[in-house]
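Order of writing sets the chain letters: A, B, C, D and E. Residues in each chain are counted from 1.
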């Protein structure tokens, strides 16, 4: 109902969903090269227009814009989004609540995944952080967190993780180390709620992390997930936490050589979880957005996510073809070790920055 | 040299500005006369009771000025006396707070410059650096949308007048200061204005060129016959170029007269000091005691003596006699050296100045300058001194009770 | 007026550069003489065969100049003739390509300015705008690390010399041009240099001030007794201030003489033209036919006539006689108006110039300028004209075969 | 219409544009830091965490207290100030050196040289930062050359405050050089000559004449460089360490990654206040010189 | 009175033995040392400025390049092919080239009359306005995004072409006003008066005399404006995304998310327009107009 909508919607008649993606470029490639063309083919007359932002860099502005748009009931410039701010947006009521009414295929998804986002976003894939290592130098990678911490100290300069504000892989490493000292009950609250009072549970973990400073490569924390992968690729470091999907696509494109191998640690494992798409509360093209969401939850698309991005499916494995199922044999893809709630993560970023580097 | 003053015009009523400056004109020796309807024909430019306050200070103070058609008048005065301000009011760049500006008898007091029949030559020439000489001169004609051929013809004719045809394609930066000056003149003349205004047009030229160009300007002005107001602070320039000179001081005209009269009979102390060199001192001027100064062979009429302290210098032609000591001015050429009957003065310095020699003399308590022909004998220690004309001032005004005309008769 | 030329010094041997410009000095009337060891005492400044090429052009061409201790010498010449270049070589801002610069007999040819005993007054004064008057003057003393009290004392003394004590805390932008000029002078004088250099120090002042300040400078220079080189293109300035004048043209000195001699006997056509006004024309100068010009009462010595076309003007004192028509120069004051026996000339224009009047005369094919006293009768249509001194030039050089000294005897 | 009115009307458009699109948001931001969460701040207030709403009519200083109490913030402030001071000093010194070289030598090499120093003006900051990042990296030029000459333990500057400072200098250099060359060229040669004539060596003449006469250009270079370094984001974001970094990235993190916009805007106010102090120096220097040169204010 | 003599230059004057100078200029050693220091300074500065750019450029053509070799072990155009096949690049470059001139012109239209007024008219608050234009720009943008977003929505500017132009114009106002104001001020009034005098009306005077003479300064301001638009990323993203994604906005993503060689290729491609612009206009920028504009009057 306003000029802004008309000139910025970019798609005719509400049949084009404008998608904002904040993440790493492998995500962009997946959307641009696989999912969007397939969506067009499967849904004649519908379209998706992609806006991509490197992980985190534009989240602030986008969130500010979304907030202003919803308040003024105006077009935020996109209809649905996948990015770091989705959690915050969902909790702040800036996203539309979704149910099987709009997205029938939600039935395929574990209902528990909708709780942390107050039913305001749809999980469409999963991802977890894994340990990447250079097999030429590290024939016998650490198996547990304690092993890993010991290894890091034993091999100064051969390990790093990106600073938590710049990407999930570093965040996951930090969370995992913190969790070593967080009582299970407290941790559960941190996953579902915002409980700043419990943050003192993190003190010992942060101290442990600070103790690693001297062993970190160059004593500086890279900006972003990709930077860490680059260091691995160039042989500058030998071990690092990385997103499974990014590492796998890196191996596919040749950025990462054969010597780079992946493994999961235990006690505890690195975190992972669902990745959500949320529909802006004031999105003008909601129908197209729902259409896209529903389509994404179809098995064919879930298989694509698995193949192209090396991600985890969001729907239960039994809905998927056998070859996919076999890939995840023994993995509970629906129940990865969950990350903290968005607001806890925000505070984690802050406290890490205050307590660890330097 | 007498100025025919004009009548009260029907249009203007009793405050007719055409009467402006009659008082000054009267000082040239002719009484103001009424009558005659020649005002429009005669008055090229009239300023009537013009006043201007700038930055809270009264800069031009009820100024009256009347310039005859075809006449060249200099505004001469020290820096800051309001010459430029006056000129800018004539050109329309400033609006007078009071008074009127009339050109050819028509009122232009509030007309903006682009609609006045005046043309200005600025001090730094103000040539447009992005236009070549032709375009500088042609600009005004183009604005008048004349046919191209006519523009070219008139520009070329005017450039020929100032002898610059060969520089028609040059840019201002490529020609000398004197040439730029002539382009500025051409730019003003090409519009055939009724009044030409020049604001210290020569002050940026070097000494030799300054003399040459001022002669060129005078020559062109006479040829074209244009009413001209020329601002300068250089009295030599003013004397050599003007038909009449208005000496300004603190926003007022102190005297308005031809060069000859101005020099010989400066009506105020200020004018006497500003125009030419003047020996000023306190003295009494008295009738020569019988048989005393009378001994000087060439004195015409009754002789006088100028008494400075103990010394009495014979004087041929004082403008007045005084009882009390007062201010007396004697021009250096009226300090006569080597005349019989003179009072001996010590020669302090002898400065050859080319076609004449300047003597610095000590005469009693006075230091006097004397200008004498270059051929006057040099090397003497003392010389006898008499005075020719002596001007007596009271309250800064000339006391003129005796004819001081030609001392050499 | 005679110049005692100096001896060959013991140190320098026969090629002593101190003899530089003796030839020119000889022109003032004294023959060069050998002997005497007064060189160091006498030669304030010597330029010996100095040459400088700039931008591929030879700007100063084997120039010789000798300035006596305490003397004020003007470099006079048209724009671009190399005056500034010469001065800058004396001051050390330019290094000569050849030749030597000696001050008080010691070599300074390649010494940088900060180690020369010279001080310069620049054309735009070059006062440091960020320092007040005191600091401007004190700067050089501070560099010499004098005690504070002494600096203050000397600065104040020098400012008193130039009459500026009241402006000691003012910044340059807050004082007038003439005052700035005097600060620049004080800044130079406070260092008590051996040689004072001034580059057109007056050219930015207005006409009236220019005359006043040049007298101040002369007065201070004489009081301090400092060897001074003064650059100007204004001949009037040069004439009135100098002990001697070096007239420069195209990088060379054309004539080096006192003001009086320079004006009366310009040895080249260039000098005659540049210094003062000169009537130049083609004419023959011949012995006066018996009884012809002899009729003119006051002619001393054998009379002559100047033949221009059909007209023969009686002439009192030609510098030479000629067979063929050649270039003859007559000063305006030597064009005598109203003498008995003169040839009638038409008065074209009469320009009152203050203490004298300029007549523009038409005499046969010639247009002549004549300067006559202000009291000469005006308003006549024709006047009889005779010549006083007439200068004959051949190949641009003065032919001086007859004494032309004082035509008036 | 009077000239005063006409002047005011003509000057109005840019002033209004800036007042509306920058001035108004600045005021809103200032209000928000004091806890006024209504009006233009209501949106962000509904998203923020760790927010302190106003408890007096004028607001609350709680957000300020929290930010100032944070060691992380104080480290960022000192990092910012140190980088700013070093970058300003080095930029000014380099600009002077280049300006003097051009002014006093006038050779072709000098001109090439000053042209070189202006190149960064034309390179987008992102690219510049990235180029500097790789140049001083672990495997960058500097360490490569150090390695080749046998210094194998040469430090890596990328991701340190040294790289940030280098980047700031690199980006600031053109403005500094342009300002200083033109400032120095405006000093008439004759004033230097006059100093030498009075007995000053060339260095002394530079010190006593060129330096004081170029106070204003120098202050302009210093203040403008200072203000832009202080508020910079891209250079420290791309070339700097995770923490402590300059306030630009710190603010961005606080806003985005920590979801504490109120605290972020407190930091913005701090940057603004520091910039205002610098700006005051600039205005003062301009006025002082104008007064001394006799200009009518 | 003797007749004047023509001066005789005796030939032996010409080879007079030179008098040794009291103080010859500084020693040879000193001059050699000075030369060497100067050469070192030039070299270091050259590497400082150009090094990062050259290093990045080489990287764009490198295959395997392992520390510590000074040059790549193998050369390849592989990265160019990969990057050039990416179509988003072309559209963002096109967009940047659309915005930059539009922003420059809009800014000129808004600011030039003001610049003229600032230089020619005395009006109340003249200096305060001149300084406030700059003061508001000293506030870090990040602190303003929230309020700006709200404002743009209520003005229906969000996501519009006009909106992007507005946000970019904001960054150009200061120099688009200051530099031309100085340029106008440097046009002598007498040149304008001379035009009035020959019959030109005020507007004619402006377009035929004032503007052409101030053009070099205005050109510099327009160049800077163009570059500023070219470099603006944050605000453009805020207002323009997703419809209008310009080159520098894209660049943040590109440099951080691709292998270094590909990022190097991006950098080169994205620098080309600026460098071309630089070669075209360097002389104007060097001319001192920039410096003029920053002196308050």
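Note that a residue touches a chain if its C-beta (ideal position, glycine included) is under 8 Å from a C-beta of that chain, and two chains touch if they have at least 3 such contacts.
Given the structure is predicted, the values throughout are model-derived calculations rather than measurements.
Common neighbours of subunit A and subunit B, listed by label, are E.
Here the chain pair with the top count of touching C-beta pairs is D-E.
Geometrically, the chain at the heart of the complex, using CA-atom means, is E. With respect to subunit C, maximal separation of chain centres occurs for A (centres as means of Cα atoms). Each chain gets one centre point, the mean of its Cα atoms, and the points for subunit B and subunit E are 54 Å apart.
Averaged C-alpha coordinates put the centre of subunit A at 93 Å from the centre of subunit C. Distance between chain centres (mean CA atoms), subunit A to subunit D: 36 Å.
Separating the CA-averaged centres of subunit C and subunit D is a span of 59 Å. Residues of subunit C in contact with two or more other chains: 112, 115. Listed for subunit E are residues 142, 146, 149-150, 234, 252, 256, 260, each touching two or more other chains.
In subunit A, the residues that touch at least two other chains are 60, 64, 67-68, 71, 223. Pairs of chains that satisfy the touch definition comprise A-D, A-E, B-C, B-E, C-D, C-E, D-E. Remark: subunit A residues 2-4, 7-8, 10, 18, 20, 24-25, 49-54, 57-58, 60-62, 64-65, 67-69, 71-72, 74-75, 77-78, 223-224, 226-227, 230, 233, 255 touch subunit E in the complex. Residues 1-9, 12-25 of subunit E are the ones that touch subunit C when the two sit in their complex. Of all residues in subunit D, only 188, 190-191, 193-201, 204, 208-209, 212-213, 215, 292-294 touch subunit C in the complex they form. For subunit B in complex with subunit C, the residues that touch the partner chain are 78-79, 203, 206-208, 233-237, 239-240, 258-260, 263-264, 274-277, 331-333, 351-358, 371, 373-375, 377-378, 406-408.
Residues 142, 145-146, 149-150, 152-154, 156-161, 234, 237-238, 241-243, 245, 252-253, 256-260 of subunit E are the ones touching subunit A in the complex.
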